[in-house]
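Chain lettering (A, B, C and D) follows the sequence in which the chains are written, and residue indices restart at 1 in each chain.
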Amino acid sequence: MTTELERLAVRLREFARVRDWEQFHTPKNLAMALAGEVGELVAEFQWLTADESKNPDPGALARMRTELGDVTLYLIRLADVLGVDLVEAAQAKLEDNDRRYAADRYRGSAEKAPPSSHDA
Amino acid sequence: MTTELERLAVRLREFARVRDWEQFHTPKNLAMALAGEVGELVAEFQWLTADESKNPDPGALARMRTELGDVTLYLIRLADVLGVDLVEAAQAKLEDNDRRYAADRYRGSAEKAPPSSHDA
Amino acid sequence: MTTELERLAVRLREFARVRDWEQFHTPKNLAMALAGEVGELVAEFQWLTADESKNPDPGALARMRTELGDVTLYLIRLADVLGVDLVEAAQAKLEDNDRRYAADRYRGSAEKAPPSSHDA
Amino acid sequence: MTTELERLAVRLREFARVRDWEQFHTPKNLAMALAGEVGELVAEFQWLTADESKNPDPGALARMRTELGDVTLYLIRLADVLGVDLVEAAQAKLEDNDRRYAADRYRGSAEKAPPSSHDA
(Lines give C-alpha, C1' and ligand atoms only; values in the text may rest on other atoms or scores of the structure.)
Protein backbone atom coordinates (compact mmCIF):
# COMPACT_ATOMS: atom_id res chain seq x y z
CA MET A 1 0.00 0.00 0.00
CA THR A 2 1.11 3.50 -0.65
CA THR A 3 2.99 5.25 2.12
CA GLU A 4 0.19 7.71 2.85
CA LEU A 5 -2.56 5.11 2.83
CA GLU A 6 -0.40 2.86 4.99
CA ARG A 7 0.10 5.69 7.43
CA LEU A 8 -3.66 6.21 7.64
CA ALA A 9 -4.20 2.46 8.11
CA VAL A 10 -1.78 2.48 11.04
CA ARG A 11 -3.50 5.49 12.61
CA LEU A 12 -6.89 3.78 12.23
CA ARG A 13 -5.56 0.62 13.89
CA GLU A 14 -4.39 2.72 16.83
CA PHE A 15 -7.66 4.65 16.88
CA ALA A 16 -9.57 1.36 17.24
CA ARG A 17 -7.11 -0.15 19.70
CA VAL A 18 -7.18 2.63 22.29
CA ARG A 19 -11.01 2.62 22.23
CA ASP A 20 -11.22 -1.18 22.40
CA TRP A 21 -13.21 -1.06 19.17
CA GLU A 22 -11.36 -3.92 17.44
CA GLN A 23 -14.24 -6.15 18.59
CA PHE A 24 -16.62 -4.12 16.38
CA HIS A 25 -14.28 -3.89 13.39
CA THR A 26 -15.01 -7.19 11.69
CA PRO A 27 -14.88 -7.07 7.88
CA LYS A 28 -18.64 -7.62 7.83
CA ASN A 29 -19.34 -4.65 10.12
CA LEU A 30 -16.87 -2.40 8.31
CA ALA A 31 -18.45 -3.23 4.95
CA MET A 32 -21.79 -2.10 6.42
CA ALA A 33 -20.25 1.08 7.81
CA LEU A 34 -18.76 1.78 4.39
CA ALA A 35 -22.19 1.30 2.79
CA GLY A 36 -23.73 3.68 5.32
CA GLU A 37 -21.18 6.39 4.56
CA VAL A 38 -21.58 5.94 0.81
CA GLY A 39 -25.32 6.38 1.36
CA GLU A 40 -24.62 9.75 2.99
CA LEU A 41 -22.33 10.70 0.11
CA VAL A 42 -24.94 9.77 -2.52
CA ALA A 43 -27.56 11.77 -0.63
CA GLU A 44 -25.48 14.93 -1.20
CA PHE A 45 -25.96 14.47 -4.96
CA GLN A 46 -29.52 13.17 -5.16
CA TRP A 47 -31.38 16.37 -6.05
CA LEU A 48 -28.59 18.03 -8.04
CA THR A 49 -28.66 18.14 -11.82
CA ALA A 50 -25.61 16.76 -13.63
CA ASP A 51 -24.36 20.33 -14.11
CA GLU A 52 -25.00 21.35 -10.52
CA SER A 53 -23.05 18.31 -9.36
CA LYS A 54 -20.03 19.62 -11.31
CA ASN A 55 -20.18 22.97 -9.54
CA PRO A 56 -21.52 22.38 -6.05
CA ASP A 57 -21.83 25.45 -3.84
CA PRO A 58 -19.15 25.77 -1.13
CA GLY A 59 -21.37 24.34 1.62
CA ALA A 60 -22.28 21.27 -0.45
CA LEU A 61 -18.67 20.75 -1.51
CA ALA A 62 -17.55 20.86 2.12
CA ARG A 63 -20.12 18.21 3.02
CA MET A 64 -19.07 16.07 0.04
CA ARG A 65 -15.45 16.35 1.16
CA THR A 66 -16.38 15.27 4.68
CA GLU A 67 -18.30 12.26 3.34
CA LEU A 68 -15.44 11.38 0.97
CA GLY A 69 -13.17 11.43 4.01
CA ASP A 70 -15.49 9.06 5.90
CA VAL A 71 -15.72 6.69 2.93
CA THR A 72 -11.93 6.69 2.54
CA LEU A 73 -11.37 5.93 6.22
CA TYR A 74 -13.73 2.94 6.26
CA LEU A 75 -12.39 1.68 2.94
CA ILE A 76 -8.80 1.78 4.26
CA ARG A 77 -9.84 0.13 7.54
CA LEU A 78 -11.79 -2.64 5.78
CA ALA A 79 -8.91 -3.38 3.40
CA ASP A 80 -6.51 -3.40 6.35
CA VAL A 81 -8.43 -5.97 8.42
CA LEU A 82 -8.79 -8.13 5.28
CA GLY A 83 -5.10 -7.80 4.43
CA VAL A 84 -5.85 -6.34 0.99
CA ASP A 85 -3.61 -3.71 -0.60
CA LEU A 86 -6.04 -1.14 -2.03
CA VAL A 87 -3.65 0.35 -4.55
CA GLU A 88 -2.67 -3.04 -5.94
CA ALA A 89 -6.34 -4.10 -6.06
CA ALA A 90 -7.23 -0.89 -7.91
CA GLN A 91 -4.34 -1.27 -10.36
CA ALA A 92 -5.32 -4.88 -11.10
CA LYS A 93 -8.92 -3.83 -11.74
CA LEU A 94 -7.88 -0.90 -13.91
CA GLU A 95 -5.75 -3.19 -16.07
CA ASP A 96 -8.64 -5.62 -16.32
CA ASN A 97 -10.98 -2.79 -17.40
CA ASP A 98 -8.42 -1.64 -19.93
CA ARG A 99 -8.56 -5.07 -21.58
CA ARG A 100 -12.35 -5.41 -21.38
CA TYR A 101 -13.23 -1.98 -22.66
CA ALA A 102 -11.25 -1.67 -25.89
CA ALA A 103 -11.10 2.06 -26.62
CA ASP A 104 -12.27 1.83 -30.22
CA ARG A 105 -15.12 -0.56 -29.40
CA TYR A 106 -16.56 1.39 -26.44
CA ARG A 107 -15.83 4.98 -27.49
CA GLY A 108 -18.68 7.23 -26.35
CA SER A 109 -20.76 4.24 -25.24
CA ALA A 110 -22.03 3.58 -21.71
CA GLU A 111 -22.72 -0.03 -22.63
CA LYS A 112 -21.43 -2.64 -20.21
CA ALA A 113 -18.75 -5.09 -21.31
CA PRO A 114 -19.42 -8.79 -20.83
CA PRO A 115 -17.95 -10.08 -17.54
CA SER A 116 -14.21 -10.65 -17.62
CA SER A 117 -12.86 -14.14 -17.07
CA HIS A 118 -11.51 -12.72 -13.80
CA ASP A 119 -15.04 -12.16 -12.52
CA ALA A 120 -16.17 -15.75 -12.82
CA MET B 1 -2.98 13.60 -2.95
CA THR B 2 -0.52 10.85 -2.33
CA THR B 3 1.78 9.92 -5.18
CA GLU B 4 0.20 6.52 -5.80
CA LEU B 5 -3.38 7.77 -5.62
CA GLU B 6 -2.45 10.67 -7.86
CA ARG B 7 -0.93 8.28 -10.36
CA LEU B 8 -4.15 6.25 -10.39
CA ALA B 9 -6.22 9.44 -10.79
CA VAL B 10 -4.15 10.38 -13.83
CA ARG B 11 -4.55 6.91 -15.35
CA LEU B 12 -8.32 7.09 -14.79
CA ARG B 13 -8.49 10.50 -16.49
CA GLU B 14 -6.71 9.02 -19.49
CA PHE B 15 -8.92 5.89 -19.40
CA ALA B 16 -12.02 8.11 -19.62
CA ARG B 17 -10.52 10.48 -22.18
CA VAL B 18 -9.57 7.89 -24.79
CA ARG B 19 -13.04 6.32 -24.55
CA ASP B 20 -14.80 9.69 -24.67
CA TRP B 21 -16.41 8.81 -21.35
CA GLU B 22 -15.83 12.18 -19.69
CA GLN B 23 -19.41 13.04 -20.67
CA PHE B 24 -20.64 10.23 -18.37
CA HIS B 25 -18.26 11.02 -15.50
CA THR B 26 -20.20 13.75 -13.74
CA PRO B 27 -19.84 13.73 -9.96
CA LYS B 28 -23.49 12.67 -9.69
CA ASN B 29 -23.01 9.65 -11.99
CA LEU B 30 -19.75 8.65 -10.34
CA ALA B 31 -21.36 8.78 -6.89
CA MET B 32 -24.00 6.36 -8.20
CA ALA B 33 -21.36 4.09 -9.70
CA LEU B 34 -19.54 4.09 -6.37
CA ALA B 35 -22.78 3.15 -4.59
CA GLY B 36 -23.34 0.32 -7.05
CA GLU B 37 -19.85 -1.10 -6.46
CA VAL B 38 -20.21 -0.81 -2.68
CA GLY B 39 -23.47 -2.76 -3.04
CA GLU B 40 -21.53 -5.56 -4.76
CA LEU B 41 -18.90 -5.46 -2.00
CA VAL B 42 -21.52 -5.63 0.77
CA ALA B 43 -23.17 -8.57 -1.01
CA GLU B 44 -19.96 -10.57 -0.58
CA PHE B 45 -20.40 -10.32 3.20
CA GLN B 46 -24.16 -10.60 3.58
CA TRP B 47 -24.49 -14.27 4.53
CA LEU B 48 -21.16 -14.61 6.37
CA THR B 49 -20.99 -14.69 10.15
CA ALA B 50 -18.70 -12.18 11.82
CA ASP B 51 -16.06 -14.90 12.21
CA GLU B 52 -16.40 -16.13 8.65
CA SER B 53 -15.93 -12.57 7.42
CA LYS B 54 -12.56 -12.50 9.20
CA ASN B 55 -11.39 -15.63 7.40
CA PRO B 56 -13.03 -15.69 3.98
CA ASP B 57 -12.15 -18.62 1.76
CA PRO B 58 -9.73 -17.85 -1.10
CA GLY B 59 -12.48 -17.49 -3.71
CA ALA B 60 -14.46 -15.05 -1.56
CA LEU B 61 -11.34 -13.08 -0.67
CA ALA B 62 -10.47 -12.76 -4.36
CA ARG B 63 -13.95 -11.42 -5.10
CA MET B 64 -13.71 -8.99 -2.15
CA ARG B 65 -10.36 -7.79 -3.45
CA THR B 66 -11.84 -7.21 -6.91
CA GLU B 67 -14.75 -5.25 -5.44
CA LEU B 68 -12.40 -3.24 -3.20
CA GLY B 69 -10.47 -2.38 -6.36
CA ASP B 70 -13.64 -1.19 -8.10
CA VAL B 71 -14.68 0.90 -5.10
CA THR B 72 -11.22 2.46 -4.90
CA LEU B 73 -11.21 3.35 -8.60
CA TYR B 74 -14.58 5.10 -8.47
CA LEU B 75 -13.71 6.84 -5.22
CA ILE B 76 -10.48 8.21 -6.72
CA ARG B 77 -12.25 9.25 -9.91
CA LEU B 78 -15.10 10.98 -8.04
CA ALA B 79 -12.67 12.87 -5.81
CA ASP B 80 -10.64 13.84 -8.87
CA VAL B 81 -13.54 15.36 -10.79
CA LEU B 82 -14.61 17.22 -7.63
CA GLY B 83 -11.07 18.45 -6.97
CA VAL B 84 -10.98 16.86 -3.51
CA ASP B 85 -7.77 15.42 -2.06
CA LEU B 86 -8.85 12.09 -0.54
CA VAL B 87 -5.92 11.75 1.84
CA GLU B 88 -6.38 15.24 3.22
CA ALA B 89 -10.14 14.69 3.54
CA ALA B 90 -9.53 11.41 5.39
CA GLN B 91 -6.94 12.98 7.69
CA ALA B 92 -9.28 15.87 8.51
CA LYS B 93 -12.09 13.44 9.32
CA LEU B 94 -9.82 11.23 11.43
CA GLU B 95 -8.71 14.21 13.48
CA ASP B 96 -12.32 15.24 13.91
CA ASN B 97 -13.24 11.72 15.07
CA ASP B 98 -10.30 11.75 17.47
CA ARG B 99 -11.75 14.81 19.16
CA ARG B 100 -15.35 13.59 19.17
CA TYR B 101 -14.66 10.10 20.46
CA ALA B 102 -12.55 10.68 23.57
CA ALA B 103 -10.85 7.33 24.24
CA ASP B 104 -11.84 7.09 27.89
CA ARG B 105 -15.45 8.09 27.26
CA TYR B 106 -16.12 5.70 24.36
CA ARG B 107 -13.93 2.73 25.34
CA GLY B 108 -15.67 -0.51 24.30
CA SER B 109 -18.85 1.36 23.34
CA ALA B 110 -20.44 1.39 19.88
CA GLU B 111 -22.50 4.42 20.89
CA LYS B 112 -22.53 7.30 18.46
CA ALA B 113 -21.05 10.64 19.43
CA PRO B 114 -23.20 13.75 19.04
CA PRO B 115 -22.53 15.48 15.71
CA SER B 116 -19.38 17.54 15.60
CA SER B 117 -19.65 21.27 15.02
CA HIS B 118 -17.96 20.49 11.68
CA ASP B 119 -21.01 18.50 10.59
CA ALA B 120 -23.50 21.32 10.89
CA MET C 1 -49.66 -4.91 6.82
CA THR C 2 -51.63 -4.79 3.64
CA THR C 3 -53.13 -8.04 2.46
CA GLU C 4 -50.86 -8.36 -0.56
CA LEU C 5 -47.69 -7.49 1.32
CA GLU C 6 -48.71 -9.85 4.09
CA ARG C 7 -49.25 -12.61 1.56
CA LEU C 8 -45.76 -12.04 0.17
CA ALA C 9 -44.31 -12.02 3.70
CA VAL C 10 -45.91 -15.39 4.37
CA ARG C 11 -44.58 -16.82 1.12
CA LEU C 12 -41.08 -15.56 1.95
CA ARG C 13 -41.26 -17.17 5.39
CA GLU C 14 -42.13 -20.46 3.75
CA PHE C 15 -39.43 -19.97 1.10
CA ALA C 16 -36.81 -19.58 3.85
CA ARG C 17 -38.22 -22.38 6.02
CA VAL C 18 -38.17 -25.13 3.39
CA ARG C 19 -34.57 -24.24 2.50
CA ASP C 20 -33.49 -23.99 6.16
CA TRP C 21 -32.40 -20.43 5.45
CA GLU C 22 -33.92 -18.90 8.58
CA GLN C 23 -30.45 -19.17 10.12
CA PHE C 24 -29.16 -16.69 7.50
CA HIS C 25 -32.13 -14.33 7.70
CA THR C 26 -31.11 -12.21 10.68
CA PRO C 27 -32.16 -8.56 10.43
CA LYS C 28 -28.49 -7.61 10.07
CA ASN C 29 -27.95 -9.96 7.12
CA LEU C 30 -31.21 -8.97 5.45
CA ALA C 31 -30.32 -5.28 5.75
CA MET C 32 -27.07 -6.07 3.91
CA ALA C 33 -28.90 -8.06 1.24
CA LEU C 34 -31.28 -5.13 0.77
CA ALA C 35 -28.31 -2.77 0.38
CA GLY C 36 -26.78 -5.10 -2.20
CA GLU C 37 -29.96 -5.18 -4.26
CA VAL C 38 -30.37 -1.40 -4.06
CA GLY C 39 -26.80 -1.16 -5.34
CA GLU C 40 -27.82 -3.21 -8.40
CA LEU C 41 -30.88 -1.01 -8.89
CA VAL C 42 -28.84 2.21 -8.70
CA ALA C 43 -26.36 0.77 -11.19
CA GLU C 44 -29.15 0.57 -13.77
CA PHE C 45 -29.49 4.36 -13.59
CA GLN C 46 -25.89 5.47 -13.19
CA TRP C 47 -25.03 6.45 -16.76
CA LEU C 48 -28.52 7.61 -17.79
CA THR C 49 -29.37 11.29 -18.06
CA ALA C 50 -32.37 12.49 -16.09
CA ASP C 51 -34.45 12.36 -19.26
CA GLU C 52 -33.23 8.92 -20.28
CA SER C 53 -34.14 7.64 -16.81
CA LYS C 54 -37.73 8.75 -17.45
CA ASN C 55 -37.92 6.76 -20.67
CA PRO C 56 -35.70 3.71 -20.29
CA ASP C 57 -35.55 1.35 -23.24
CA PRO C 58 -37.50 -1.91 -22.81
CA GLY C 59 -34.43 -3.96 -21.83
CA ALA C 60 -33.39 -1.46 -19.16
CA LEU C 61 -36.95 -1.18 -17.85
CA ALA C 62 -37.17 -4.97 -17.54
CA ARG C 63 -33.93 -5.02 -15.54
CA MET C 64 -35.18 -2.16 -13.33
CA ARG C 65 -38.39 -4.08 -12.73
CA THR C 66 -36.43 -7.18 -11.74
CA GLU C 67 -34.28 -5.18 -9.32
CA LEU C 68 -37.35 -3.42 -7.89
CA GLY C 69 -38.78 -6.89 -7.27
CA ASP C 70 -35.62 -7.99 -5.44
CA VAL C 71 -35.59 -4.84 -3.32
CA THR C 72 -39.26 -5.29 -2.44
CA LEU C 73 -38.75 -8.92 -1.42
CA TYR C 74 -35.85 -8.16 0.92
CA LEU C 75 -37.64 -5.12 2.33
CA ILE C 76 -40.72 -7.21 3.14
CA ARG C 77 -38.62 -10.00 4.61
CA LEU C 78 -36.57 -7.61 6.77
CA ALA C 79 -39.68 -5.87 8.08
CA ASP C 80 -41.25 -9.25 8.78
CA VAL C 81 -38.37 -10.59 10.91
CA LEU C 82 -38.30 -7.27 12.80
CA GLY C 83 -42.06 -7.28 13.31
CA VAL C 84 -42.50 -3.93 11.59
CA ASP C 85 -45.58 -3.11 9.51
CA LEU C 86 -44.20 -1.43 6.38
CA VAL C 87 -47.39 0.35 5.39
CA GLU C 88 -47.87 1.80 8.87
CA ALA C 89 -44.20 2.82 9.01
CA ALA C 90 -44.52 4.51 5.61
CA GLN C 91 -47.74 6.28 6.57
CA ALA C 92 -46.19 7.55 9.81
CA LYS C 93 -43.18 8.88 7.93
CA LEU C 94 -45.32 10.50 5.24
CA GLU C 95 -47.36 12.33 7.88
CA ASP C 96 -44.15 13.44 9.55
CA ASN C 97 -42.81 14.74 6.22
CA ASP C 98 -46.09 16.52 5.60
CA ARG C 99 -45.60 18.48 8.82
CA ARG C 100 -41.89 19.15 8.29
CA TYR C 101 -42.12 20.28 4.70
CA ALA C 102 -44.83 22.93 4.73
CA ALA C 103 -45.95 23.27 1.10
CA ASP C 104 -45.64 27.04 0.93
CA ARG C 105 -42.23 27.12 2.61
CA TYR C 106 -40.60 24.38 0.48
CA ARG C 107 -42.31 24.91 -2.88
CA GLY C 108 -39.82 24.21 -5.67
CA SER C 109 -36.95 23.88 -3.20
CA ALA C 110 -34.77 20.79 -2.74
CA GLU C 111 -33.57 22.18 0.59
CA LYS C 112 -33.63 19.78 3.52
CA ALA C 113 -35.90 20.49 6.49
CA PRO C 114 -34.36 20.52 9.94
CA PRO C 115 -34.72 17.13 11.67
CA SER C 116 -38.14 16.45 13.13
CA SER C 117 -38.48 15.90 16.86
CA HIS C 118 -39.30 12.29 15.89
CA ASP C 119 -35.77 11.80 14.56
CA ALA C 120 -33.95 12.58 17.78
CA MET D 1 -50.52 -2.55 -7.25
CA THR D 2 -52.14 -3.43 -3.97
CA THR D 3 -54.79 -1.09 -2.67
CA GLU D 4 -52.70 0.16 0.25
CA LEU D 5 -49.53 0.65 -1.80
CA GLU D 6 -51.59 2.36 -4.48
CA ARG D 7 -53.08 4.67 -1.89
CA LEU D 8 -49.59 5.59 -0.69
CA ALA D 9 -48.44 6.13 -4.29
CA VAL D 10 -51.32 8.55 -4.83
CA ARG D 11 -50.54 10.43 -1.62
CA LEU D 12 -46.88 10.71 -2.66
CA ARG D 13 -47.86 12.08 -6.06
CA GLU D 14 -49.93 14.74 -4.34
CA PHE D 15 -47.14 15.43 -1.82
CA ALA D 16 -44.74 16.12 -4.71
CA ARG D 17 -47.29 18.06 -6.75
CA VAL D 18 -48.25 20.63 -4.11
CA ARG D 19 -44.55 21.30 -3.41
CA ASP D 20 -43.64 21.50 -7.10
CA TRP D 21 -41.14 18.70 -6.49
CA GLU D 22 -42.05 16.66 -9.57
CA GLN D 23 -39.08 18.32 -11.28
CA PHE D 24 -36.76 16.61 -8.76
CA HIS D 25 -38.50 13.23 -8.84
CA THR D 26 -36.85 11.69 -11.88
CA PRO D 27 -36.29 7.93 -11.63
CA LYS D 28 -32.55 8.59 -11.44
CA ASN D 29 -32.87 10.97 -8.50
CA LEU D 30 -35.36 8.74 -6.68
CA ALA D 31 -33.03 5.75 -7.07
CA MET D 32 -30.32 7.82 -5.39
CA ALA D 33 -32.67 8.91 -2.61
CA LEU D 34 -33.60 5.27 -2.06
CA ALA D 35 -29.91 4.35 -1.84
CA GLY D 36 -29.35 7.13 0.67
CA GLU D 37 -32.19 5.91 2.90
CA VAL D 38 -31.00 2.30 2.68
CA GLY D 39 -27.58 3.56 3.79
CA GLU D 40 -29.21 5.04 6.90
CA LEU D 41 -31.06 1.78 7.53
CA VAL D 42 -27.88 -0.31 7.20
CA ALA D 43 -26.09 2.05 9.58
CA GLU D 44 -28.60 1.12 12.31
CA PHE D 45 -27.33 -2.48 12.12
CA GLN D 46 -23.63 -2.01 11.51
CA TRP D 47 -22.28 -2.50 15.05
CA LEU D 48 -24.92 -4.98 16.22
CA THR D 49 -24.16 -8.67 16.49
CA ALA D 50 -26.49 -11.04 14.64
CA ASP D 51 -28.29 -11.74 17.94
CA GLU D 52 -28.54 -8.10 18.91
CA SER D 53 -30.07 -7.34 15.51
CA LYS D 54 -32.85 -9.83 16.32
CA ASN D 55 -33.69 -8.05 19.56
CA PRO D 56 -32.93 -4.37 19.09
CA ASP D 57 -33.63 -2.13 22.05
CA PRO D 58 -36.77 0.03 21.75
CA GLY D 59 -34.88 3.14 20.66
CA ALA D 60 -33.03 1.28 17.91
CA LEU D 61 -36.21 -0.47 16.77
CA ALA D 62 -38.00 2.88 16.53
CA ARG D 63 -35.17 4.26 14.37
CA MET D 64 -35.23 1.12 12.19
CA ARG D 65 -38.97 1.52 11.75
CA THR D 66 -38.52 5.16 10.71
CA GLU D 67 -35.85 4.18 8.17
CA LEU D 68 -37.99 1.31 6.86
CA GLY D 69 -40.76 3.87 6.36
CA ASP D 70 -38.42 6.15 4.40
CA VAL D 71 -37.20 3.27 2.23
CA THR D 72 -40.77 2.16 1.54
CA LEU D 73 -41.86 5.66 0.53
CA TYR D 74 -39.02 6.14 -1.96
CA LEU D 75 -39.46 2.62 -3.32
CA ILE D 76 -43.18 3.24 -3.95
CA ARG D 77 -42.47 6.63 -5.49
CA LEU D 78 -39.72 5.28 -7.77
CA ALA D 79 -41.91 2.40 -8.94
CA ASP D 80 -44.78 4.83 -9.53
CA VAL D 81 -42.81 7.21 -11.76
CA LEU D 82 -41.46 4.20 -13.70
CA GLY D 83 -44.93 2.66 -14.02
CA VAL D 84 -43.84 -0.57 -12.33
CA ASP D 85 -46.20 -2.55 -10.10
CA LEU D 86 -44.10 -3.48 -7.07
CA VAL D 87 -46.23 -6.40 -5.95
CA GLU D 88 -46.25 -7.97 -9.40
CA ALA D 89 -42.48 -7.40 -9.75
CA ALA D 90 -41.90 -9.03 -6.36
CA GLN D 91 -44.15 -11.98 -7.18
CA ALA D 92 -42.37 -12.53 -10.49
CA LYS D 93 -38.99 -12.47 -8.78
CA LEU D 94 -40.15 -14.81 -6.01
CA GLU D 95 -41.37 -17.33 -8.56
CA ASP D 96 -38.07 -17.05 -10.40
CA ASN D 97 -36.15 -17.64 -7.14
CA ASP D 98 -38.38 -20.60 -6.38
CA ARG D 99 -37.27 -22.22 -9.64
CA ARG D 100 -33.60 -21.31 -9.30
CA TYR D 101 -33.18 -22.39 -5.69
CA ALA D 102 -34.55 -25.93 -5.62
CA ALA D 103 -35.28 -26.65 -1.96
CA ASP D 104 -33.41 -29.95 -1.83
CA ARG D 105 -30.36 -28.63 -3.66
CA TYR D 106 -29.90 -25.44 -1.61
CA ARG D 107 -31.08 -26.60 1.83
CA GLY D 108 -28.97 -24.91 4.52
CA SER D 109 -26.61 -23.44 1.93
CA ALA D 110 -25.93 -19.74 1.38
CA GLU D 111 -24.40 -20.54 -2.00
CA LYS D 112 -25.58 -18.42 -4.90
CA ALA D 113 -27.50 -20.01 -7.75
CA PRO D 114 -26.25 -19.43 -11.29
CA PRO D 115 -28.05 -16.52 -12.96
CA SER D 116 -31.50 -17.32 -14.23
CA SER D 117 -32.24 -17.04 -17.92
CA HIS D 118 -34.45 -14.10 -16.89
CA ASP D 119 -31.38 -12.16 -15.73
CA ALA D 120 -29.56 -12.25 -19.04
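By our rule, a residue touches a chain if its C-beta (ideal position, glycine included) is under 8 Å from a C-beta of that chain, and two chains touch if they have at least 3 such contacts.
This is a predicted model, so every value here is computed, not measured.
In a homomeric contact, the two copies may use the same or different surfaces; for chain A and chain D, over half of the interface residue numbers are shared, pointing to the same surface.
Inter-chain centre distance (chain B to chain C, centres taken as mean C-alpha positions): 24 Å. Residues of chain D in contact with two or more other chains: 24, 28-29, 31-32, 35, 38-39, 42, 45, 47, 49-50, 110. Taken as a contact graph, with one node per protein chain and an edge wherever two chains touch, the assembly is complete, since every chain touches every other chain.
On the side of chain D, the complex with chain A involves touching residues 24, 29, 32-33, 35-40, 42-43, 45-47. Those residues of chain D that touch chain B in the complex are listed here as 28, 31-32, 35, 42, 47, 49-50, 110.
Interface of chain B with chain A (complex): residues 2-5, 8, 11-12, 15, 18-21, 23-24, 26-29, 31-32, 34-35, 38-39, 41-42, 44-45, 48-51, 53-54, 56, 61, 64-66, 68-73, 75-76, 78-79, 81-82, 84, 86-87, 89-94, 97-98, 101, 103, 106-108, 110, 118-119.
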